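There are structures below to look over.
One chain, chain A, appears in both complexes that follow, with chain B as partner in the first and chain C in the second.
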Partner chain A sequence: MGNHVMTETEQPSAPAIELEALCHSYGDTEVLRHIDLRIEHGEIFGFLGHNGAGKTTAVNILTTLIAPTAGTAKVCGFDVAAQRHEVTSRIGYLPADVRMYPHLTARENVEFFAKLSGVKKPSTAVDETFEYLSCSDLADKRVGSFSTGMRQRVGIAQAIVHRPQVLFLDEPTSGLDPVGVRQLRETIIRLNADLGMTVFMNTHLLSEVAKVCTTIGVLDHGELIYKDTIAATTERFPDETSLEDIYVRMERSAS
Partner chain B sequence: MSESTARVKALAAHEYRAAVRSKILLVLLGILVTITVVSVYVAAVDHRSKVADYAAYRAAAQASGLARIAPSTLAPLSLLRGALEYLEIIGAVVAITLGYLTVSRERANRTLTLIRSRPVTAGELASGSLLGAVGLFTTLVAATTIVGVVCVGLIGNDWINAAQGFKLLLAAIAAIIYLGAFYCVGAIATANTRVAANGLMIALGIWLLVVLILPQLGDTLDADNQIPGGLFKALTLDRAGETEILKHFSTYETTRISIEEASFAKHYERFAFAMTEVQDKYRGFSLGRLLGAKRNDIGWMIFYSFALVFGLRWSFRRQPTIPQETT
Partner chain C sequence: MTATIARQQIVSLLRQRTFVVLLATLIVMTALAGVLGWSSHHTIVGVYDEAVKLLASRGDPAPPNPFLLKPTLALLSNMVVYIPFIGALLALVLGHLSLVDDETVGRLIFSRRISRTEYMIGKIVGAAIVLVAILLASLAVSTISLAIVNRTMPTGADLGRLAAFYALSWLYLMVFVLIGMVTVLVTRRRSLALLSAMGAWLVITFAFPQITSGLRPTQSLNPIVDPASTSQAFFRFTAKARPYSIVEQYKAASASILRTAGTESTTSILRQVAPLLGLSIVLAVVGIGLVDRHDYSSGSNDE
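Take a look at the complex of A and B:
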């Protein structure tokens, strides 16, 4: 699977993601409060937090969809507010509840986004991506007739067709059946291992985080209350049997 | 091809493809093309007998040795009047609907988020969408123009010449610009409202005002239109006399003209009617003279078009990329 946009020699010394005193408010409501976070290249980062904690807002800022109210956010060393083009050239994004264009086939959908990302040979890139994701059978079918799981695979395809350095996934397992969840988990691990993609994943499924992620961060009411590797986390909380127990304990401590 | 040009091209092709796969749009286009062709066909049938009458007169005049044979006053392009009017009224609705669909589709599919997470600027998005729409309008106008010309030639038995063909080409370009402007109205109104359907309603309100109310107001207030056949003609006044009288109603006339000038549709109609010789007074004008006479309308059309394209870019820049409303 070739690299279509970014050159393989490009190895920025800056971290994949860097947040400094990041704040965001919707009117008077503070959603993110002075978040400092650093994620290195090659990590699979699980961003945990209850509904309304501010996870999606953080992803929206990192994908340049909204501007931070205060502080800075950088992706691959580029500021999301001031260097939008540089950032969007290096990221892939799968939002929660992705829908795509129902009247187009999976191939047409992904090819459109490949062209927008500046992929030189979009048709070849699309074929390779579908093959990589083992979903070539979906390529010429209209997305409107797809199940949630099928749509999610096309969503992943559009997010990686241009071989981004950093992949953002917002609640990627929502609506998926157990088989779909397992497939997605395997895909994320392969993307990270084969292509060296840094993955930033918002999720509720702690069991998945434990199986996939190398690092976790916990967001509570807009504040980052914890960040460490999975290994360090389990060492730090030896009395807890699962990540879920650890998460509950952290939330209780924070409140 | 630069990366930006490639992205605009991809967006334009995407817009065109989405438009031709939209059932509601295809129904509207079908209605427009059908009534346009029917109107030209009916006019051409009527025209055919006039062409035959003139040919008979000419043959009789030649046979009787008449020294001077009156030239034909028939204007084959004027048979397209119905087509122009339908394009002006229904075409604008089609264009507004397409503009509305462009914005509402991206919101409903939540694909605007995906597009804006790519290295795509709001300006590229606006340019690509507009170019795709213009591509559709070009197909529409070209198809109706070709069918119209063939109808006039085959059924009306009066083929247009090269000079008339060039004037028709200019009228067709004006039609594409006109439809593009209403596309912008639909897209701007929808992009600036949280509920897309409200944007469509606002755009249709603007259509009602600009296409139907303002031109009608201007016509109704025109002193010369107060009695059938023309007030000044009835008073046996020439142009100088008419101007002299209107001097005494300068405020009234300025207001009336301003109302007309405010309508993009009126400028398009004046230009298209002049180019297609629907208005008698422009028949036989050279192209240069015609363009000189219509420079005011050309200027206003250019002004409105630029303003709307600027408005489209501005609206696409400020519309929320995170979906807030999906219908």
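Take a look at the complex of A and C:
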């Protein structure tokens, strides 16, 4: 797949994602507390945590949808609050329960997002993306009639049509059947291998994290309580047989 | 970016059944205005012809045809009523549908390079273009109706006045498009947004005119004229409030443009149009301000 974005695409020397003392509050409720995190280019990072731990808030900040209350968040060396334009040129985003314009076809939807990302030849980029994701059969159907799995595939297409450097996936497996989960896993691995995309993934599906991610971070009540590679994590907890057991142990120790 | 947003919106709107049904209703009402005009014309001319025959048999002179004394565009005076009713409702739905899907899609849009101001301007431009297309269709139907009823094509001057009437209608309906948009941004919920917009339409179209000139039944007739001055404080207040009743200003300006209620100077018409223009600008600025503060991160509209 070629690169379609008009902005420069050189890999900056800065890490893919860098959070420093990142805080966020909704009114009096502190959702993120002094998060320090560094994710290098090429990593597939699994962000784990219970419901309400603050994972989605972190993604919302990193995708520039909300501004942090305090601290800094950078993507490819650019500050999400002060350099929004630079950040949004370099990221792709697939939210949980992705929704697109139901009256438009998959092609029209993805082409729309390609144009918003400044892709030079949106039509070509869309064709290449659908072909890459093996979902050209969906291109000319209206999104309103799609199942969750079909929506997810088109959702990934819109997230990568501009060939971002960092891809944010928020609970990407929610609502997918086992085949859909496997297809998604294979897609993430391919995107990382073929295009060198850094992937930041919020998820509860620990079995998938073990198969896909290179690094994990655990968020508990807004605090980052753990971050390391999958290999180092399994070495550190030799008594536990699965990532699920390790995660439960971490959560229990934190509480 | 603005053009991309506008183009997407136009395509999306034209594929929505609710919108297409309302659009068809407006076009049918336009045609109906022509049919009613033709019916009234046909009946009166029929009575006139009978009267002429009767008078001729008595050797009396016949008076001139009453339709020769009326402005040709008077046949479309019902449009001045349909636009604030059906047209405004269509405009509300147009504004509502323009933004409501983005309560969920907004997360994807604003994780892109587009600014929120560009987005909102794109939405307003898209809705404005759709409205122009709707009114051009209505203008075409009106012109055809006039040609059929009068058995001749409208003159250049008549077409100019008709175009001016539709331009005024566009401005009037833009107020309702913007109300439809603002209510989505304020309420977030689909049904509540539409209900709030309908509430605004009811107040503007029915309640406010009742306070201003509806209290004087003769002035509720369409087209209405300026209320007579009065010594009663209440009526003095309602007379002062009248310039802010945009539906009355619209009807009065339309009547002047179509020449169905005497002729008024251009300055006087512009004075009637000013509240519409002012309100449109205020609503557009409010809309841009609201989008800037709107939370698109949750991706839900609770329905």
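Note that the second predicted complex is superposed on the first by the 251 of 255 C-alpha atoms of A that agree within 3 Å, B and C clash if a C-alpha of one lies under 4 Å from a C-alpha of the other, contacts with A are read in each partner's own complex, and residues count from 1 in each chain.
We adopt the following convention: a residue touches a chain if its C-beta (ideal position, glycine included) is under 8 Å from a C-beta of that chain, and two chains touch if they have at least 3 such contacts.
Everything quoted here is computed from the prediction, not taken from an experiment.
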### Task
After lining both complexes up on chain A, report clash or fit for chain B versus chain C.
clash
### Message
Taking the superposition on A as described, I'd like to know which of chain B and chain C A:T88 touches: first, second, both or neither.
### Response
both
### Message
Going by the contact rule set out at the top, does A:V154 touch chain B (first), chain C (second), both, or neither?
### Response
neither
### Task
Have a look at where A:L169 lands relative to chain B and chain C in the superposition and call it first, second, both or neither.
neither
### Query
In the superposed arrangement, does A:P102 touch chain B (first), chain C (second), both or neither?
both
#### Entry: First, second, both or neither for A:N60, with chain B first and chain C second
both
### Task
Quick one: classify A:V212 as touching chain B (first), chain C (second), both or neither.
neither
### Summary
Both partners, chain B and chain C, contact chain A at residues 60, 63-66, 85, 88-89, 91, 93, 95, 97-104, 108, 112-113, 115-118, 158
### Query
In the complex of these two chains, what residues of chain B are touching chain A?
3, 6-7, 9-11, 14, 17-18, 21, 105, 108-111, 113-121, 321-322
#### Entry: In the complex, chain A residues that touch chain B
60, 63-66, 84-85, 88-89, 91, 93, 95, 97-104, 108, 112-113, 115-118, 158
#### Entry: Of all residues in chain A, those that touch chain C in their complex
60, 63-66, 85, 88-89, 91, 93, 95-104, 108, 112-113, 115-118, 158, 168
### Message
List the residues on chain C that touch chain A in their complex, please.
### Response
1, 4, 8, 11-12, 15-16, 101, 104-105, 107-114, 295-297, 299
